[in-house]
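Consider the two complexes below, in which subunit A is the common component and subunit B and subunit C are the respective partners.
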Partner chain A sequence: MDTILDILSAVIREAISPGTAAVAIAVIGLNLHFGYTGLLNFGQSGFMLLGAYGFAISLVHDVPLPLAVLVGLGLAFVFALVLGIPTLQLRGDYLAIVTISAAEIIRFVGRLSNLKDLTGGAQGIQGRTYQPAFVDLSFFGDGAWTLAPFNYTDVADGAGWVRALGGLVFAACIVATVLVGRRLKRAADPTRTAPRTGLDGTLGKVAAVVLVLIGLYALFFAMPVTYGRSGVNGWWVRAVAWTLVALSTLVVYLLVRSPWGRLLRGVREDEDAMRSLGRNVFAVKMQSLVIGGLFGALGGMVYVLASTVQPDALGRQITFFSYTALLLGGAATILGPVLGTVLFFSARILIRESARAYVPDSIMSAQQTEQFSFIVVGVALVLLVIFRPQGILGNKRELRFNV
Partner chain B sequence: MSETTIGTPSLADPAARRALMAGVTPEPGAAKQDPILKVDKIERRFGGITAVDVEHLEVQRGIITALIGPNGAGKTTFFNLITGFDKPSSAGSGAAWEFDGRSLSKTSASSVAKAGMVRTFQLTKSLNRMTVMDNMMLGAQDQSGENLLKSVFKPLWRGQEKDVEEKAKELLARFKLLEKKDDYAGSLSGGQRKLLEMARALMSDPKMIMLDEPMAGVNPALTQSLLGHIQALRDEGMTVLFVEHDMHVVRHISDWVVVMAEGRVVAEGPADTVMSNQAVIDAYLGAHHDTDLGDDEVLTEGALEQIEAEVRADEAAHEAVDEAKHDQQGDKS
Partner chain C sequence: MPVGCLDGRTGLKSRHYVRTVGARAVRKGLVGTMLLGLVLPLLLLVGGSSASAATLCLPKPDETGCISGTVGSRSDPVAGVDVILRDAQGTDIETVTTEADGKFSFTVTEAGDYFVVLDDESLPDGLEQQPPRAAIAGPDGSVKVTANLGSAVSPIVEVRDEDYDAGGDSFTDQIAQSVVNGLRLGLLLALASLGLSLIYGTTGLSNFSHAELVTLGGMVAYGLVNLAGMNLWLGIVATTIVCAAVGYLQDRLLWQPLRRRGLGLTQMMIVTIGLALAAQYAYQYFVGASLQKVVVRDFGTTSFGPVTLTNLSFLAMAVAIVAIGLVGFVLVRTRIGQATRAVSDNPALAAASGIDVDKIIRLVWTAAAGLAGLAGVLYALVISNGIRWDTGMQILLLLFAAVTLGGLGTAFGAFVGSIIIGLVVELAGPLGAPGDLKYAVALAILIVLLLVRPQGILGRAERVG
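Now for the complex of A and B:
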């Protein structure tokens, strides 16, 4: 029993970690590229790395924090222009080739020993050299804090059944949310003829939100997590990271529901048709590339807030994780990137920890469980693309007309 | 638009249109009284073949001009060239065309559309994973909500969005697509997509609309009503240039007909004149273009056999010519 709880605890810690939030922000940007505009950007890690370098190096050189953020964003902006000007006029696949190589170039330049004074070479930049500027901003105070503050330990002396009850409520909420969500989706289908009932409209949306909130509380009630209030890896950085995730989601929502978002989808569907309607396709793609890239850079900065700037940590792998998370959650959906990222990283930890706990060392060493988790995730991605190509939140109807 | 046409009160009147075009000599490249589009020396070669080689062509403002010609005559390529989707091989050596007094020779496809010349495609380009309504909304020009900075503030574009939507609904109703407005464009039938594309092009209130085989795959009743619609657009002052293989349609609505063959403009004139032109009959229409092959009387054994024999003879002659050409090319290479 304890092993299971340990594993679950590790999964939850991973799910709310700043790293997960950082990748979620990058995936939100990638969603703008790939999901809405149809741009094959395989270099999102390059945007992240540039953001991280710009941010951290500026802070190391005592640049004020807001300015450091702007430096990181500025680098990504220039990077997007440099990538976009030659390739966005060409067919889509070229952008994929150019972005993946450009991201690798950035990584290798970062590793150069000639630049050791600036980027720290392959070792990277130590967190303690730039993190204080951010950590000192915390108004969360000292000491530790537990989420949720009122948890199972406060009821019946933390008996096992209270905890189990919390878990059950969580599971029930997930199931109920899925059911309500399905209903909402069916109701949104314009071709349906059945009359709309109670849960199909706004009420259904409110119900879904309430269910999610109750579910989350139940989860943290049964599995409370404790971190320092401030500090390098405490609640402060988590709060900032997830607030940024929420803000990014909101910005993308505002963008894609507008006529500008319609331009993006139009370009995704048919560039020539958009030209015949008097739209500057190149400008639209460039705007999308830049904005998605800025989200990537922001993600990169958040990524290094609780760790170090390590060029190899932000390599191709992160780009592919991002695509996996995006496809898992559902491309061209608002919440898909966040849901996909959280599930992807949680699932990986779940597999790794389970393998570590239950498979004897003689069969699989600790290092091998890490690799094993990637194998399972890869297989899961293949199955996902075969059986649910639209992702969790995606719209199956759209896929039928894939051209 | 009518105030710019010299001496004609309104082109809604058929007599006025006939009078307007009566002064134009029916020969290739004839000058028009008030051309909206003027094309000079455009040539497009694909490797060895010359798809388009137009010396001079003018399109009169405010009337319906039909562009006809055999398959592969270069009609679509010609459309592509003047709408900026293709570049002439003769660029830099005299190729020039102007629309509404503005040179378009160096303009991108999107600027051509913005200038007021909107086209449709022979192979329909619907935006499949978007709703019919969204397709239509993209047709409207100058939307402030398409500005990146304004787009996040809904109040800045809500009003305009409503207006555009109203207009889109009106057009969709006219094109019998209103019930489909929330469906994905990809779920429409081929003919419905043609209609959608035409309706979408009209969303921008173009000065001139260029339709590439608009009636292909559209059922007769709807063709009738669309023809009425196109005429109404003309009467409101829009210029229409369209490619069509259905001679009944061409005869019915066009005020002027331009015939292309092997890339060149071979004849021009009012529908009747052009269709009785022996060169046009030989190159395109065929001797029996006036005969309805569905008519019972034609289906008597004798008549049918006679037609078949003539067609065979015709094809044989063509093949002979083609082979001769091939041989020549073969010799060259």
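Now for the complex of A and C:
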């Protein structure tokens, strides 16, 4: 029992870690590229790395924090322009090859020993050289704090059944949310003829949100998490990171339901039709590449807030993980990127920790459990694309993307 | 137990490595890339295998510390060398002779600075101890090391050829050597990129897992030749066959069903990425994260004027030329080749004229995987000096650059592109690009070319956009 609780605790810690939030922001940007515009950007890690470098190097040189953020975003902006001009007029796979190459070039340049004074070479930039500027902004105070503050230890002396009850409520809320969500989806189907019932409209949406909130509370009630209020790896970083995730989701939500968002989908579905309607397809693609890239840079900055700027940590793998997360959650959906990222990182930790705990060392060493979890990730990506290309939240009809 | 005590990674530059000055330039970048990723997993993983009783030293907290390491490299150790330990005043304390695995180990009972030096008399003819970096240099060419009680330290003791001369090569000599190295790299890249290009031509798929087939070739060869002790030439042939079979099965079990399902090309491309990810970690899972040698034997070198290459390199280049020529001949002169080109041009029309498109595609997959496997063995033999889980991954982008440079989907374009990329990568170093940037230069050239001639060198303009 304790082993299971330890595993679940590790999973939850990973799910709410700043790193997960950072990748979620980058995936939100990737969703704009791939999900809505149909651009095969395989260089999202390049955007992240540029954002991280711009941010961290500025802070090391005592540039004020807001300006440092702007430097990171500015670098990503320029990178998007440089990438887009030669490739956006070509077929999609050229963009894929050029973006992945460009991201690698950035990584190689960042690793250069000649630039050691600036980028720290292959070792990267130590977190403590740039993080204080951000950590000092915290108004959360000192000491530790537990989420949720009122948890199972406060009821019946933390008996086992209280925890189990919390877990059950969480599971029930997930199931109920899925049911309500399905109803909502069916109700939104324009070909539907059946009469609308109470849960199909606004009420259903409110119910879904309430259920999710109750479920999350039940989760943290059963599995409370404690960190320092401020500090390098405390609640302050997490709060900022997840607030940024929420803001990014909101921005993308507003963007894609604007007329401009319809332009994006138009380009994805049929470029020639858009062109014949007098739209500047190249400009639309470029705008999408730039905006998605800015999200990538923002993700990169959040990524290094609680760790170090390490060129190899933001390499091709991160791009591939982002794609897996995006396809898992559902491309061309609003909440898909966040859900996919959280599930992706949680599932990997779950696989790794379970293998570590239950498979004997003689069959699988600790090192091998790590690799095993990545093998599962790769196979999962393959199966996902083949059997459920729309992911968890996606709509199959909307996703006949082909570039 | 601190594994560092059992496995001091010291002689990263092996004798063999320093002997060919040109090859040194090739590997300088590689060593740089590998250092970080190599040292840590090596320490973690191979500690057990290299623990020999004679060199075992266990540091005890507050009692003893260890100074241990290897003379030569792990794969190319120097045995029978007397290693002298001196204290801070420069007096000899202890002398040990390295075993067959090149390892030595001292146990000290006091923390402080010590100096480690090799006895010149005991070194094999033609070898000398390489002067250490200024930061760790002690008197008389010794290596300074600071020992602590309760832990192990590894001094960096390297050996090199006596006639090794760092600045001796004139610029033109370096260029000549780089051109030959570039041709060698280009030919091996061409072997792998031919298949990539053929697959793209016949199916439209950008296969991101192609590089894993290259790694697979090296891995299979490592298993057959190094572990199972098969003859090298037989091993190369067997590896090619095994890899071709893998290609056949891949098409049979994965790609053909997916084509039948009508899965889009973008989705298939993402499938290849998932496959690549799974394959890379599977290699790590089964073989480990360290560099594995295919052959341990030294085949010697041959010099033509300023150019020096290992004999194995010449053979690898010859094998590559023969294989590429064979593919070219089949494509141009035989009916199967004609059918392949027809499918490349227009699959529907080819099917209408009675060509079995599925059969052609399966043949292309089989041949492509076989060629990639062959490239993997040769690459492991002559360029990367061994095979590791990410050997293929490191050249994947070079392959794509080569294929795109030559024109996506054109087999001869892939050949021309590969040679150009090979030359660019090797010439970038002598012409002033530092370290890993030589790979970046190749990719930058790709991006610039796309601006000027997006269809590639041999591609046709209407294929694009």
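Here, the second predicted complex is superposed on the first by the 398 of 403 C-alpha atoms of A that agree within 3 Å, B and C clash if a C-alpha of one lies under 4 Å from a C-alpha of the other, contacts with A are read in each partner's own complex, and residues count from 1 in each chain.
Heads up, the rule we're going with is that a residue touches a chain if its C-beta (ideal position, glycine included) is under 8 Å from a C-beta of that chain, and two chains touch if they have at least 3 such contacts.
Since the model is a prediction, treat every value here as computed from it, not as a measurement.
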Subunit C versus subunit B, contacts on subunit A by residue: C
First (subunit B), second (subunit C), both or neither touched by A:L255: first
Partner chain in contact with A:N280 - subunit B first, subunit C second, else both or neither: first
Partner chain in contact with A:V169 - subunit B first, subunit C second, else both or neither: neither
Partner chain(s) touched by A:D272 [first = subunit B, second = subunit C, both, neither]: first
Which superposed partner A:V155 touches (first subunit B, second subunit C, both, neither): neither
Subunit C-contacting residues of subunit A that also contact subunit B: 400-403
Contact footprint of subunit B on subunit A as seen in their complex: 190-191, 251, 254-255, 258-263, 265-266, 268-270, 272-281, 287, 291, 397-398, 400-403
Touching residues (chain side subunit B, partner subunit A) in the complex: 83-85, 108-114, 118-121, 125-131, 134, 137-139, 141, 143, 145-148, 151-152, 154, 157, 161, 182-187, 200-201, 204
Contact footprint of subunit C on subunit A as seen in their complex: 40, 85-87, 89-94, 96-98, 100-102, 104-105, 108-109, 111-114, 122, 312, 316-317, 320, 323-324, 327, 367-368, 371-372, 374-375, 377-382, 384-386, 389, 400-403
Subunit C residues within the subunit A interface of the complex: 32, 35-37, 41, 44-45, 206, 258, 261, 263-267, 269-271, 273-282, 284-285, 289, 393, 397, 400-401, 404, 408, 434-437, 439-440, 443-444, 446-447, 450-451, 454, 464-465
